[in-house]
Amino acid sequence: MTNDNFQKLISHFMKFPGIGSRQARRFVYHLLHQDEATNQDLASAIADLKQSINQCKQCFRFFSSRTEAPLCTICQDSNRDQRTLLLVEKDIDLENIHKTDTFTGLYFVLGGLVPILEKNPASRIRIKVLTDQLPERIKGGLQEVIIAVSANAEGDNTAEYLRETLGPFLAKAEVKISTLGRGLSTGTELEYSDRDTIRHALKNRE
Amino acid sequence: MTNDNFQKLISHFMKFPGIGSRQARRFVYHLLHQDEATNQDLASAIADLKQSINQCKQCFRFFSSRTEAPLCTICQDSNRDQRTLLLVEKDIDLENIHKTDTFTGLYFVLGGLVPILEKNPASRIRIKVLTDQLPERIKGGLQEVIIAVSANAEGDNTAEYLRETLGPFLAKAEVKISTLGRGLSTGTELEYSDRDTIRHALKNRE
Amino acid sequence: MTNDNFQKLISHFMKFPGIGSRQARRFVYHLLHQDEATNQDLASAIADLKQSINQCKQCFRFFSSRTEAPLCTICQDSNRDQRTLLLVEKDIDLENIHKTDTFTGLYFVLGGLVPILEKNPASRIRIKVLTDQLPERIKGGLQEVIIAVSANAEGDNTAEYLRETLGPFLAKAEVKISTLGRGLSTGTELEYSDRDTIRHALKNRE
Amino acid sequence: MTNDNFQKLISHFMKFPGIGSRQARRFVYHLLHQDEATNQDLASAIADLKQSINQCKQCFRFFSSRTEAPLCTICQDSNRDQRTLLLVEKDIDLENIHKTDTFTGLYFVLGGLVPILEKNPASRIRIKVLTDQLPERIKGGLQEVIIAVSANAEGDNTAEYLRETLGPFLAKAEVKISTLGRGLSTGTELEYSDRDTIRHALKNRE
C-alpha cells in the first residue's frame, strides 16, 4: 500500500510505546475497517486532547481542565498530608501508586529518569522547578521527600542524583529524604532472589 | 485521570488489535507528551484516511485513490497472470504474499474466515461477490483458484466451505481449485512436528 | 522404544523437578550416546549419594559427611551469630542466602511450606523439632527468629502459622520473631507493581 | 554444599540436554529427598542401560535387546516397504515420524547433521556406512531415498551434502532422492510466513 496518509499513520503509530512496524500496519488496517464516524470520533479526540487536559503547575501531572484551574485536584486538596512529597518518574507511576490508597501526601512528577553517565542530569528531570518549590513547601510543613522510582540502574542513579542535589538543602531545613523500601516484592521466590534483594529483605525485616 | 477525551481515547485504543487497557493508557500519555502539531497531524491523517483510500471494486484490497480509478494497480495490470486467482483472508496476508514476488496472478480478499459451526458462512466472507465475478474471470482465462488461508482450524474450515460452494461450478468450467501446500515451514524441527505436518511433508516431498 | 530400563528411566526422570515426558525421553537418549564409563560413573554417584551426604541433626541441611560429625559446618561454627535463627523452606534457599554473605547467624530448614487450608500443618514442616530446639537455643543466646520464606500465598501462610505457633513462647522468652522485609525487589518497575508491594515499599522506606 | 558426589552429579546433569547449573543442582537435591531404594533403582537402570539396549546394525536406531538379534524389529520386518529409505538425524525424529503411521518404508539414522562450513562432513554423519549399504538395498528393491531433516540451515546443508554425495550413484541406479515437502506447517499463519515458506506453499499446492 503506497499512500501518504497510510504511511504517515504507520510512522505515527511506530512512535507509540512498544509498537513496531508490523503492528503499526495492523493498526492502520484496523482503522480502514472502522466506519467513518468512529474514525472521526477518534481523530477529534486526539485533536482536542491537549486542549482538554492541563498539566498541573505544581506537581506536573496531567489533569482534566474543564475549569481554568492551574492546580490539579490532588494539589488543591488541603486534606492531603502536606508533610510528605513523593517524587515519581511519570504519570503512570503516580496513578499506580495513587490508586493503591496507601499514600496520603503530595506528588511531584519528575518527567523522566537520569541515565547513567548523563552529563546534564538537569535536562532530564524537573530538578530546577522542584528546587524552586521547596522553600514554599517547607513553609507549608514539608518534613520528608520520598524518591519513588523503579528499582533498576536508572532509578538508582536518579535517586543518587536527587540525594546529592537536594540533600544538603533539605538537611539544613531538617527535611528527611528517603527512597522506597527494597525487599521481596510480591511473588518473589527466595531461590531466585539476587544478593541485593536478600540484603535489603534482611535489613528491612518486619 | 478523569476526562472525556482521555477515557474516549482509551476506549478507542483498546479496540486496536492486541492492545489492552494498560497499553491503551500508555498510548494516551504518549500523545500528551507530543507537541500540538504532531497530534494535529495524526488526527487529520486518521480523519482523512478513508477518503484517501479506496477499496478495489474487483479484489477488495485497499489502495491509494488519488485518481478516481475503481480498480487497484494489481487488478489493472494486464501483465499479471489472469489464469490464477489467489483467495486470501485479509489485506495483510495479501501484502505479505505479494512482497515475496513468488505469485504472478491476481488476488481476491475474502474479508474474513468462516468459523467452525458458523450457520451463515456467506455472512463472513465475500462469497457472493466472488461467485458473481467467476464467469467473467473464466472468460478472461482463469484456470485455477488457489485458496491461500492460514493452516489452522478456521482456515481449514474456510477452505472446505469454498471447495463445497465453488467446486461444482469450477469443475464444470474446468477450473482447478487448490489450497496452499502443507509441509515443513521454515524453521520447523522434525522432533516437534505433528502428525499432519509429517504426513503432508512426506506426501509433498520434493 | 520398548525396553524395561528405558521406560523405567523415563519414569524416574519425569519425577525430576520441571521435567516432562518429552525431555525425560531426551535424557535417556542422551545417556545412550554417552560411553559406558560415563554412565557407570553417573550411576555410582547416584547410588552412593545418600551415604556420602548427611543431614545436619540441628539445622537439617544436607552436608558432606566424610567424618561422622552429626552437625554441619555452619552449626559447628561458634563464630556464627547465635542470636539470630533464620527459618528457610529448603536447602536451595539456604544456599542462595548463604552465598550472599549478608547473614551471619544460624539456619533451620523447615523442609516445606504450609499450603493454605492444610489441616495438619505440623505434617508439612519440622515445627516439632524446631519447638524442641528452642529452649536450648534461647539458653545459647537466641534473640530473634527470622522467617525467610518466599513472598507468595504459601509463604505468607507458613509465616502466619509459625507466628501463631511459636509466637507466645518466644514472646515470653523475649525473643523477637520477624519476616523478611517486603518492598521493591531488584528490577521492579513501579508502573507494574501491585498494591501490596507499594504499601510495603512506602512503609519500609530507607 | 561441597561434596565429591554432589559436585560430580551436578557436572553430569549439566551435560543433559537443556539443563543449566541451577536445575542440575535442583536435581541433586531432588535425589537427596528420595528414599534409598528409589535412588538404587535409578542407579542400576542407568548402569544397565547400554547393556540392555542394542544399536541396530542396519539402521542404527537403538532397540531393546533381549535376544541377541543384530537387527531391530523394523529392519527385520519384511512387510515394510523396501522401496523407500528415510534418512533421519536422530532416534527421536525417527520415533516421532514412526508413531504417525504415515511412513511404511525403512529408516536410517544419520547420527547428526552437517554444520555449515564443516570441513569434514563425513565425520558428522554415517555417510560411509550408508554408502556401503546402498548396493545391497538397491538389490533389495530400493527406489527412493528420502532426506527427512529439520527445515533449518543445518538441515538444508545436510540435505545438500547428501544429494551431492549420493546423487550421482543413486542416479545411475535409477533411485530417486527427495527431501520432505516444504509448505505451511500446522498452525502457520500467512501473515507471519517468510518468503521461503510461501514460495514452497505455492509450488506444492494441493
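A, B, C and D label the chains in the order they appear, each numbered from 1.
Heads up, the rule we're going with is that a contact is a pair of C-beta atoms (placed from the backbone, for glycine too) under 8 Å apart; a residue touches a chain by one contact, two chains touch by 3 or more.
Just so you know, these numbers come straight off a predicted model, no measurement behind them.
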State which chains count as neighbours of chain A and simultaneously of chain B.
none
Determine, using the mean of C-alpha atoms as each chain's centre, which chain is farthest from chain A.
D
Please compute the C-alpha centroid of chain C, do the same for chain D, then give the distance between them in whole Å.
40
Mind checking the centre-to-centre distance between chain A and chain D? Centres are C-alpha means, answer in whole Å.
55
At least two partner chains per residue is the criterion; list those residues in chain A.
90, 92
Which category does the touching pattern between chains fall into here: line, ring, star, complete, or other?
ring
In their complex, what parts of chain A are in touch with chain B?
1-6, 8-9, 12, 15-18, 23, 25-32, 36, 38-50, 52-53, 62-64, 90-92, 95
Provide the residue numbers of chain D that touch chain B in the complex, in ascending order.
88-90, 92-93, 96-97, 100, 102-103, 146, 148-152, 178-206
